[in-house]
């Protein structure tokens, strides 16, 4: 099989990319994300048609946030778009005239990293995506594991603190409330408000108030040695590493891959995550340890992974 | 392939059973559990030889508590026996002259239930064993999933309470400290000590003191309507169900099977676990729900499962 | 000393009442709460003047939400009004020509109950007010204890869950997030969303959706036997009683008084709070137990208490 | 009034000291702690008689661990000695022929620090004693506050982690399980076991194993820069400071005094406690902050405080 198209649906733009068997992106077309559910379907079709022009495309893979059913056809629920039991596969197939596979976006990103990124050579890999929230994907025995109903690997919503922080999902204490980009900013703001004298560099990067602190400021201040920023990364890593230790108890993979925007900071965040993982790993003296690896494909992982999943049929 | 032997290593006795392709136990031999690690190896071999007499045995499967390596040959660590990197497969093969497979006991029990018990007809099943502690096994795509290094499915040691109760594993807040037979007894004793007037039936079954309360007393008193006993089951179910909800977020199976001694109480414990599972399941309105089933093989699950895993080679 | 005026500043109206030495309210005047900080000062003065007409008033006591300084003169910080270091005593004294005492509203309510309500005859009393949030007051040795800087008894903001729910105060896991009217509604909505089949009576009282559930619906449904409503009260009581047990370890009073809107439900909420208190009280077999009493003055406690504190000078 | 005797009952020895009005110890006599409850009474009397020889003693104050009743006469419950409703005052008065006051030992130590140590000049002081466990004392308005029944200020047993660590008191999640000398050692051992490569200096001070680590090793290693030892003190301080923030919400004192063996380490532990206190103090921008002071009397605080309380009658 030859070329396929992968689609990534972002909050501001939708990207369609032509991907070959080696995972290289040959061509890309992006369109702004429309405000309505139906408009987004239109935009996906338009981006696919445009990107595919002049290429012999054989299939399309779409990565979508939310629950996708086990037939990889219907979006059962999307957190950010008003899709409920949306027959996305059928709609797009009718319009673009190509076989379509719909996949959860974090699953698609996990598959991309497994096939062409940090996971190459591993048969059993767990990926976590530390973006605004926390997503994940499971590869066991060289296959993406989607669960019986298609909604496995919702790592962000395991409960790590009983009676903990409210989550957008309606529950409390979900992991993504403690290990994500949003959590990092909250840690920094809380600490800057309580002890501004330890957050001078951090506060200077924004508008001087704790509320003005953004994610990029935390990274920049941490690199500059700001105590509050460093402590915020340490707190993030405390929760991320402890969660990976739980995932090791459950899945025992040979490698974890940490992706998402937070992981763009590289060792600034990966080194403390590794330490925290070791700290909390159960039975660490008696078992081989999984590696904790940085993702390699950046924000292309989902698009490339979706295209490759479409190729596999 | 025909008959195989499954071995179950208990704290007081070791049982070897001849099992056919339908999971029926044709013959059993049990010996007392010796006090020394090497004595236990001797006893396993003796039980296997004795049970197999007169049967055309083709292989032996041994279920052992602890970490078993990915070759299903070596016990890396056992919690109750002083085995560290114990080459159990080689030792027993040399002595009994049959192919041997070593498997984690909770994995073996999960496989037994999947093949011949409550899990029949399901492709993706998660089993939890509520015994003294909490063990588990993972079946995905009709295969037992052991992890890359053989130590997956250690459900009992995921952290459900940060800074929580000390666990025998050296960590804190492990699930088995909150959902297990031992936890049930602790709940009952604490409540009986604080409010003895609500535990009259429960206390009367033991020696009258909270310390005298045993697991069987809690079940019996709960059936008789003792408020403290009922509340203790409810607390157990609160933690068990919330943990199953986490496992649904991770694995999305079509069924959970609840086994182990605690599950012998049937609906007394299963009904509140189901309610708690529904209470905590994320996205429950938008997804198919896994069934929560009672195990069917009782304490034979491990032996039968180990025998069947040996048959599969 | 004879008559004094107590002032209660509510979200929708400001009430001034003329109170005699027995705690009886002789006359009341209420005005709508203006939207601006300065408007509220005007409204307080107007209500005081109006209520006092024809009475020989000797002093004024004002109960205000927030931090009041140790001189009982300045509101250091108010959560709902934009008062920061507001010299309320001086402003009102200049305008009404009477001595003024400013007091935290929960302190005033505690004093009212101690003097004329459920606390009569006790020397050491702890009051908690379960309203929208959770406030409190401390009486030790027949005196209101305000702390060195005036900001003691902020019971609602002790941390009962590390890394718990966000609180309006900027911290996490504060007691008032788990034991208050707002918490009760959250418990009911979460449960009704997860298991609507157990919340039929509750949902029928609102608009049929979990979001439509209000506090009064939970009480009404609980009285009608709705399982989710009853369970929501039990959860509230679980946290309220455990917190009282902590306060017993700290203060060892002879009585707790539970006031605020939630306590209007009487034994529906007090009985489970008492049970939870007993469950969690440390050393309960070796110590006398404090009583847990329902407040008697309802929403007049603050006004009456403020007036009496002004009388005492 | 002139000289009084203070008695300190330790695990290995009982000390009686003659104390003057300035809190100076003029004479001391110590005897080994006998194994039986009645033997301890004998030993107290003997130590008092011996220490008082040649001094005009007017009264005796005894500091005892556990619950002491509101008449300061009877030990209701002692954790380490088998005293239950022990009429200690009467027994000792009959034997030594002097007025006797019995006081909780942490209360006595708090009073000692308030009168002659770090608390001088403050009217409202909260003392915590970080020894093996965590004890405390409350001074409000220049008086020791014992509660209505004598058992106030049991700070060590407020619940800081729901479903947390088991405590000797029978409850779970008590503060002293997270902030005490015993907790410090647990932190160090857990971390040394998980990451021995970061605990080389620490492990070298004991027998090389995590179990061999003692409290003094953690201090010594922390001063030498051992990462695990430093992190253990930080964890202790995290919990100690957060608890002080809760006490500030409740009591709003002008000063906290931190005593007990752990505080002998001075700024090594006090500096991080202060930082943690600031981090968690509610409303820190709008209120005066209590000072966090090191105790000054060391292990003499209890003896001196008990003697002074006896003088006050």
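Residue numbering begins at 1 within each chain, and the chains themselves are lettered A, B, C and D in the order written.
By our rule, a contact is a pair of C-beta atoms (placed from the backbone, for glycine too) under 8 Å apart; a residue touches a chain by one contact, two chains touch by 3 or more.
Listed by chain with UniProt protein names: A, B, C, D = Glucokinase.
Predicted model, so just to flag it, every value in this text is computed and none were measured.
Colleague: What chains touch chain B and also chain D?
Modeller: Under the touch definition, chain B and chain D have A, C as mutual neighbours.
Colleague: Consider the two chain pairs A-B and A-D; indicate the one with the greater count of contacting C-beta pairs.
Modeller: Spelling it out, more C-beta pairs touch across A-B than across the other pair.
Colleague: Among the listed pairs A-D, A-C or B-D, choose the one whose interface is a repeat of B-C, with over half of the contact pairs the same by residue number.
Modeller: When the contact pairs of B-C are compared with those in A-D, A-C or B-D, A-D matches.
Colleague: How many angstrom lie between the centres of chain A and chain C, each centre taken as the mean Cα position?
Modeller: 45
Colleague: Calculate how many whole Å lie between the centre of chain A and the centre of chain B, each centre taken as the average of the chain's C-alpha atoms.
Modeller: Here the centre of chain B sits 34 Å away from the centre of chain A.
Colleague: For chain A versus chain D, what separation do you get between their C-alpha means, in angstrom?
Modeller: Each chain reduced to its C-alpha mean, chain A and chain D end up 50 Å apart.
Colleague: In chain C, what residues contact two or more other chains?
Modeller: If we look for residues of chain C contacting two or more partner chains, we find 161-163, 170, 193, 280.
Colleague: Which chain C residues qualify as touching chain B in the complex?
Modeller: Chain C reaches chain B through residues 162-163, 191, 193-195, 275, 278-281, 284.
Colleague: Show me the residue ranges of chain D that touch chain C in the complex, using the header's touch definition.
Modeller: It comes out as residues 67, 76-77, 84, 122-124, 138, 140-141, 143, 145-155, 157-162, 169-171, 174, 242, 245-246, 249-254, 280, 282-283, 286-288, 290.
Colleague: Write out the stretch or stretches of chain A touching chain C in their complex.
Modeller: Chain A reaches chain C through residues 161-166, 170, 172, 178, 190, 193.
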